[in-house]
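Chain naming follows the written order as A, B, C, D and E, and within any one chain the residues start at number 1.
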Amino acid sequence: AEDKIVVEFGYPYSHLFDVTYEAILPKFYAAHPNIEIKMRATYESYEDGTNTILREAVAGNLPDVTMQGLNRQAILVEKGIARSLEPFIAAEADFAKDGYHKAMLDLGTFGDEVYGLPFSISLPVGYYNMEVMAKAGYDATNLPATWEDVVQACVKLREAGVDNPMFWGWNITGNWFLQALMWSQDKPTVEGNDFQLDSDEGLVALETMQNIFTGCEMQNLEWKSALASFSAGDLGMMYWSTSAVGAVERAMGDFTLVTNEYPGITAEGPMGLPAGGNSALLTSTSDDPEQLAAAWAWLKFITSGEGAADVARTTGYMPPNQAANEIILADFYAENPAKATAVRQLPLLREWQAYPGDNGLAATQVIYDGLEGIVTGEYEDMAELQEELSEEVQDLLD
Amino acid sequence: MQSRAHLWFIGPAMALMFIVLLIPILIAVGLSLTDYSLGNQGAEFVGLENYERIFTRSTYEKMFVATFRYVFVVVPLTVGLGLGAALLIHSLGRFGDLYKTIYFLPVMAALIAMAIVWEFAFHPTIGIINSTLEKGCGTFLEAWPWYAKGCERTFPLWLNDRDYAIWTVSFIGVWQGFGFNMVLYLAGLTSIPPQLYDAAEMDGATRGWDRFRLVTWPLLGPTTVFVVTISFIRSFQVFDMVEAFYPQGGGPSKSVFVMMFAIYEKGIQQNLMGIGAAITVVFLAFVMVLTVIQRWLVERRTHYV
Amino acid sequence: MSEARAQSFRFNTGAATTHAILIVGALIVLLPFYTMISLSLKAPHEIMQQTGGFIGAQEAFRDDYCVKLGNAAENCMVNPIIYNYSTAFEKAPLVRYLLNGLIVTVSIFVIQVLVALPCAYALAKLRFWGREAVFALVLFCLLIPVHAIALPLYIMLAKAGLTNTYAALIIPWTISVFGIFLMRQFFMTVPDDLIDAARMDGMTEFAIIWRVMLPTAIPALMAFGIFSVVAHWNDYFWPRIVITGNRDLFTPPLGLREFKGDADGDNFGPMMATACIIVTPLIVCFLLAQRRFIEGITLSGMK
Amino acid sequence: MARIQLDQIEKRFGDTPVLKGVSLDIQDGEFVTLVGPSGCGKSTLLRILSGLEAADSGRVVIDDRDVTGVRPADRNLAMVFQSYALYPHLTVAENMMTPLRMRDLTPVQRMPVVGPLIARGPHRDMRKQASDVAETLKITALMDRKPGQLSGGQRQRVALGRAMVRKPLAFLMDEPLSNLDAALRVHMRAELSELHRRLKATFVYVTHDQAEALTMSDRMAVMMHGDILQVGAPDEIYLDPNTLEVARFIGSPAINTLPAEAQGDGLLHVLGVSKPAPMTTTRQPVTVGVRPEHLVLKEAGRFSGTVRHRENLGADVFLHLEMAGLQQPLVLRATPQDAARIALGDNAAFDFDPADMLVFDAQGGRLRATTPAREVA
Amino acid sequence: MARIQLDQIEKRFGDTPVLKGVSLDIQDGEFVTLVGPSGCGKSTLLRILSGLEAADSGRVVIDDRDVTGVRPADRNLAMVFQSYALYPHLTVAENMMTPLRMRDLTPVQRMPVVGPLIARGPHRDMRKQASDVAETLKITALMDRKPGQLSGGQRQRVALGRAMVRKPLAFLMDEPLSNLDAALRVHMRAELSELHRRLKATFVYVTHDQAEALTMSDRMAVMMHGDILQVGAPDEIYLDPNTLEVARFIGSPAINTLPAEAQGDGLLHVLGVSKPAPMTTTRQPVTVGVRPEHLVLKEAGRFSGTVRHRENLGADVFLHLEMAGLQQPLVLRATPQDAARIALGDNAAFDFDPADMLVFDAQGGRLRATTPAREVA
C-alpha cells in the first residue's frame, strides 16, 4: 500500500457531489488498485473553488485534479495554472469513442487545446407546478414556449388569484441567464475581447428580461426564497438550472412537478443555451510522469464511461458524455422524466462564457448589478442600460 | 520606577502585532498602488488609479452610503440595548442568568447558520415575519397606510427589497451584537464599588435614573469608551452577515454594499487585489478619523483616577 | 449587592416591569433559535414549505443519498430528527471537528491571554516612555480588518509551510489587540494603591499581573474569554482560507458547508442540526463562565 | 430634628450574628455617640438605621413613623461613610453639591449644561452653601480636585462636607474624623457641635476616639458583640459604668483592675490592704477597678510597685507599675514633674481614694456602694 | 535594621509643590514618627521612601546605598497603606501570607494546588506565622473572610498584619491604627513597640494620634506644607518647640496663645500682667504660649476669665475661658473635682508659672530664655 500513488483532488458542493464520488470510487479503485484518491476540503461554491486554487497556486500546494465551474476554467488557463490535456489525449488510443461529444469537449477547449473535461452539465429549464398552472388552464401539453407566452401565463395566473406566478433565475452566478437569452438568438455574449451586449440581440435580451420582470411583476427573490416559494406551491413557474431538480423534488409539497424546455424568444425555441456545471482540470505541479498518469487516469475515469454515468444517477446534472446519456442511462431518464428535459436540450449546448482578462469577474459583477437594476426597477430604459453596461464592461475587458 | 519590565510586557505583543497585523497591512498598502491579481506573475505600478476609481464610481458611493447607514443605526442601538439589558439584568437577583444567556445566544450562534434562519424568517410570503403580519390584516392595524398597502399587495421583501434591505440587515446586526455589549457592561457593572450606591441613596438619588446618572454612567466610563470604540469598529467591519445574505453583489441595488464586503469582493472574489487593497486603505483612514474623533469626545471625560 | 438591596425598596411592580421588558426582548432574541431548532427537527419538504409547526409531522421520508447509492427506496425511509442529527455527525465528522474547535479555541485564548495581559497592564498602569505611542498603535491595529490582510497573511503562512496545520489556524490570532484594549480599560479601574501594596509585598511586576490584576479583573477576563472563544469557535472565514487540503483540520462551522449546495439546494435539516450542535458547547461554557460574573470582585479592600 | 427609635434590631451575616436585638431610643435633637470595639456592629447599626441594610428583624421608627420599609433617600438622613464613598468622577465641589442637587433641584434643573442656565439662582445658592462648608472644613483650595488627588484626611473632610451641606432630620456619622490631625480634629469637633446647636438635628455618631465621644455627646451608647451594654451621659458611663467591660472599654489608658475580696462587712481586701466599701454583699471575690488618674503617687502610699515603663504624653506621664500578685502592670498617671523624679526600675508608692474604686463581681456586674466610701485612716 | 537617609526630596503634582526639599536621617532601628496636618505630604514622603513614587529630585539612601532607582520590592520594606489596599479576592489569611509567599517561596512552591503539596514545610510555617500575627491582632476568627466582609477596623488590622508577618529592613506605616478603638489601639501600640524591640527594625510611622506619636517614637518629625519643621525626641518637641506652628500642632487641646509685649528688660507684659522672661530681646510684641495643663486654677490667680464651655473627658475637664482682649478662649485643664466647683458662666481665676511659658516672636520663631524664668511674686 505504501507505493500507492496519491492523487489529490478538490471539488465543490460536497452535499451534491459526495455521493457521486462515493459511488464512483469503488469502481475506480477496482480498475486502478495502485492509485489512491485523496479528497481535499470541498469548495463551498465555484467562486470559492477558483479562489482556493489561485491561493494554492501562489502558496505552491495545488491539488492534482480540481473541479471548476465551466466558466471558471478560462481564468485558470490564462494564468497558466491548468495544464493542457493534449499530451494525454494524444496518448489515448481512441479518445473520442469514449463518448466525448464535440460540443462538450469545446467547453474545455482554449486556443485549440483541451484543458478541461466536463464532468457534470446543466442547462436552464422550466419548472412548473401543474396544479397552479391548471388554474390558468395550462396542462403539460400547452406549457409556455416563448417568453411572450410566459408573460401571458403570468397575467392569467394573476387573474386566477396567484399572487406570485413566476420566478426567473437572473441571479444565477456568471450571468448565466443573460447568456441564455443571448445564445437563444445564437449570439455569444463575448467574442474575443468584445462584449456583445451592444448588438441588437443584446437589446432584445434586455428587453425580454424587462418584459418578463414587469409582465409577471416578479419579486426579486433570492434563490433560496424562490426555491422555498416554489416548493411551498406559491409559484407556478420557475426558470432555473436543471441541477436543482433533485433539491426541488426533495423539498416540494404535494403537487405535480413538470420540467419543460426552456422557452425561446421566438416560437422556434432557443437556438442555443449555455452549459452550466463543472469540469475537471489538471493542476498538478508534479513533473513525475507516473503521478501525472495517475491524475489523468482519475480525471478520465470520472468524466467518461461508467464513472460519468453516476453523475446523472446521483445528481440533477447530466453526465458530460453522450455515450452515458444515450446508452447507459436510457432507463434512468424514463424513470426520471424531470431530469430528461435537459437531455432533450443537449443539442443546444453552448459555452458558458467567461469574460477575459483580470477584470473578467468584475465585469460579471457589473452585468449582475445591471440586471438586478432591471428587476428592482432601477433601470427603465433598456437602450440606455445597454449602452451603459456595454461601455463599462468593455472598459473592463480592454 | 518599574525598571524595564514594560519592555517584556509589551515586547511579545508588539512583535506579534508587527508580524501578524502590520506587515500584512503594509503589503496591502503597497499592493494598493498596483494592479496585482492573484496568480499573476507580476504586477504593474498604477499609482493612485485604484483610489481614483473608488472616489469616482457610483458603486463606491453606494458603498459609503451603505456603510454609514449600517454603522449609525447599529452602533447606537447595540450600545443602548446592551447597556439597557445589562442594567435590567443586573438589577435582578434571580433569573438574571437566564436572561443573560438568552441575550447572549445570538453572539454565540454561528452566523452562517443564523443567516439561513433569518432568510427563512424574512421570506416574503411564507416567512414567519410576513405571515404574522398578514394575520393582522383586517384589524385596526390597517388604519396604518403602510400596513394596508402590505395587506393589499404583499408585505416587504425585507432582505431583497432595496428600500428595506439595509435596515433589515442592521436589525439583524443589532440582534446579533447587543448581547456582546451587554456582557461587557455587566463586567463593568461589577467593578463599581457598592458603597457609591449607598452614598447616592443617602444623597437623595431616589429614582433609578438619578442613580444611573450619578454613579453608574460615570463609573462605566471606561467600559463605555471601550464598548463604543469596539462597536464602531465592529460595525464598520461588518461582513459575514452581508456575505451570507448576499454572496453576490452586496444586496439589492447594492444597498448593502458595505466597505468590508467591497474589499472582499474586489480583493478575494474578483481577484483585483490592487483595488481591494486601496479600499482597505481608504477604510482604515476613515475608521481612524472617526475613532480619533470619538475618542476625543469620550475619553477626555473618563479619566478620574 | 447594593443594587439588589435597592431592589427591595422598589415596589414589586418595578420588578414586574423589568421582567416584562426582558421577556419581550427574550422572545425577539429567541425567535431565530426557535426556528433553528425547529428546522433541525423537520423533514426537507416541511422546511422548504415552512409547514409542520415546531417539530413537523415526524413522518419518515426518503433519504436521497441512500437511494442514489443504489439502495432500494423502501430501505431508505428515515425519520427526520434521526436523519438530521445522524447525518450531521456522520457526513461531517462532527466529533472530530468539535475536537479541532476545542484545540484551536483553547490554544488561541491561552496565548492571547499570555500576550495581551502583560501588555494591557503596562499600558494601564506603568508609566514609560512611548506608552501613548504603543497605545495608539494598539488602537490602530484594532481597526485592521482581517479580510484585508487575509491574503498577505495566507501567503506568509504558505511560505512558512504552515497552511493546512493547526498552526495556521492559531498563529494569526495569537495577538488580540481587542484583548489588550479591553483589559487595559478594566485595569484602569483597579486602584493604584492595590498595585503598590503588591509591589511592597515583593511581587515582581510579572507576578502582579497574574496574582493581582488578573483576579480583580475576572469579569473582564471572562468577557474577553467569551469573546475570543465565540469568535474563533464560530470563525468561518479564516479556516476556510487556510484549510484547503485536509478535512481533518476542519473547525465546527466548516462542518456546515458539507450541507451547502447553493443554487442546487442546501440540505437544511442536517445543517441546522449541525448549527445546534456547535452552539451547545458555547452555551454550556457561557453558563459556567457567568457564575464568575456574579461574584464579580468589587474592589472592597480599599478605603 | 427627629426622634429615632431602634427596636430589637437583629442582623446576621450568614451564620454570624452581628446585632443581637439592639434597642435604642434617641431623642429629638440629641447627640448620641456609639462606641465599641472594632467589629462590634456599629457601622452595621448605622446602615440599618439609614435603611441601606435591611435588618433581619426589629423596627426602625423615626418620628413615630415606622420606616422599616422606607427607602434610605426618603428617610431624610445624612451619612458620612467610614470608607468615604466619594464619587471619583466628580470634583470636591461637585461631590459636596450632589445631595443638594439631588434633593432641591428638579430633574430639568439638574441637566448638565442647561440646568445651571435656567436655574441660576438655585445653582448659585448651592455653590455658596458648598463653599461655606468647605471653608469650615478648610478645603476651599481643593474644590476643583478629584478625590483621587487628595490625601486621606482631605478625602475624609470632603465626605464630611457632603453630609454637612444638608439640613437633614439626623446626621449619621461613621468615624468622620479618624484621619484628621489632632488640631483639625479639635476644630472639627467644635464645628460639629456648632452644627448640632445650629440645626438642632439629631446626631448619631460612631467614633473610636474617646475624647470625641466624651466631649461631644449628650449620651453615649457602648456596644459590644452586637449588644448595647450601657447608654448614658458620658460622665455617667465614665464614672459609673454598669459592667467591667464598659469600665475597661471607656477611658484611655484603660482602667486598672485589681483582684480583691469583699468581706461582707463593708470592707474590701485589695492586695493585702483593707479599703472601706459599704456595699450590700456577702463575702466574695470581686474585681476592683481604679482609673489611672485616681492612683496618686504618695510617699505614704500603702501600695507600691516597680516602674517598668513610662509613657510620656507631654501633658501627662503614664507610669506602668509592676506589682507582686498582679499579672498586668498597673498604670498610673503622673504629672511630668512628679514623673521626672522617678526613674525606670524605681519603686513607687501610691494609693487611691476608696471613693474612686469601682467594684465588680465575678461576672463583671457592678456592685454599687450604698453610701459614699470614706477612708478612716 | 537599616539606616534611612532622605536627602532634599522634592515632589510636585502638576503645579502644586507637595514636598519642598525634605531631608531626614533615620538611624538604624529607630522609631520615627511623622506628624503633620492633613495634606502636608506625609503619605507622599512614605511613598517616595518606599519607591512607589519617584521624587522629582533628591535621593533616598538606605544603608548607605542609593536606592533611588531600585524597585520597591527590592528595597525590602514593609508598608501599611492608609487606604488598606487589601487584595479583594483573597481571604484574610491569604492576604497576610502573600508577602511571605512572594519572598520566601520559589515560583514552583507558589503554584496553586501543587505548591502546598510539594512544599508542606514552608507552607505550614507561613500559616503559622500568619496565625501568630492574627492572634496579636485579634482577628483569628476572621481568617477565612474576604475583605468585603470585614468592618473598617478589621480591615485595617489585616493591612497591618500583612506588614507584620515580615521581617523587613524597615516598616513604613501610614496611620495604621486610625480606625481602631481606644482599647485596641493601646494594645496595638504595645504590640508594635514590642515588634520594634524584637525585630530591631527601623520604623517610619505616620500618625495623627498624638498619644501614639508621643509614646511610641524615638524621634518625631513635624511636617508642614511639604517641609520638616522640627525633628526631635517627643519630649523635646512638646516642651521645646522651635516655632509657634509646631507648638500649636503638638498637644491636644492646642497650646493657648496670648499676645504679649517683651520689654527688653527681662520682663514680659501679658494681658496686663508682668512675667519674668529672661531672654535677650529688644522691646517687641511677642506671642506667649501656655499649655492647658500649665494653667492652674488659683483663688489668687492674676488672670481670670468666664467659663464658656466645659469639655469633660472623664479623667480631666477642659474649661474654655473667655477673656477680655482675647479672640480665642483659653483652654485650661482641671481635675473633675476642681471643675465640679465651677459652673458655666462663673468667673475663674488662674495663673501660670513663667517657666512654662513658650515665647515666640512675631514671625513665630521661638525666643528662648537665657536662664530659667522664676517668678518673684
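A few remarks follow.
Just so it is clear, a residue touches a chain if its C-beta (ideal position, glycine included) is under 8 Å from a C-beta of that chain, and two chains touch if they have at least 3 such contacts.
This one's a predicted model, so the numbers in the text were calculated from it and none came from an experiment.
By the touching criterion, once chain C is set aside and every other chain stays in place, the chains still form one piece.
When you average the Cα atoms of each chain and compare centres, the chain farthest from chain E turns out to be A. If you compare B-C with A-B, the chain pair joined by more contacting C-beta pairs is B-C. Look at where the CA atoms of chain A average out and do the same for chain B: the two points lie 37 Å apart. Chain B and chain D have Cα centroids separated by 58 Å. Centre-to-centre, using mean CA coordinates, chain D is 21 Å away from chain E. Here the spacing of chain A and chain D, counted between their Cα centres, is 92 Å. Each of the following residues of chain B touches two or more other chains: 1-3, 38, 116, 120, 123, 126, 193, 195, 198, 201, 219, 268, 305. Touching of two or more other chains is recorded for residues 45, 55, 58, 173, 224, 228, 232 of chain A. Touching two or more other chains at once are residues 6, 47, 49-50, 151, 191, 204, 266, 297-300, 302-303 of chain C. Of all residues in chain C, those touching chain A in their complex are 44-45, 47-51, 64-65, 68-70, 91, 151, 154-155, 158-159, 163-164, 240-241, 243-247, 250, 254, 257-267.
Residues of chain C touching chain B in their complex: 1-4, 6-7, 15, 18-19, 21-22, 25-26, 28-33, 35-36, 39, 47, 49-50, 114-116, 118-119, 121-123, 126-128, 131, 134, 137-145, 147-153, 156, 171-172, 174-175, 177-178, 180-182, 185-186, 188-189, 191-192, 204-206, 209, 219-220, 222-223, 226-227, 230, 234, 236-237, 252-253, 256, 266, 268, 271-272, 274-275, 278-279, 282-283, 286-287, 290, 293-294, 296-300, 302. Residues 8, 10, 13-16, 18-19, 22-23, 39-42, 44-45, 48, 52, 55-56, 58-61, 63, 169, 172-173, 223-224, 227-228, 231-233, 240-241, 243-244, 246-248, 250-253, 313-316 of chain A are the ones that touch chain C when the two sit in their complex. Within the complex formed with chain D, the residues of chain E that make contact are 13, 35-39, 42-43, 82-83, 149-154, 156-157, 174-175, 178-186, 208-211, 214-215, 234-235, 238-239, 248-254, 291-293, 311-316, 318, 333, 335. On the side of chain C, the complex with chain E involves touching residues 191, 193-194, 196-204, 207, 211-212, 215-216, 218, 297-303.
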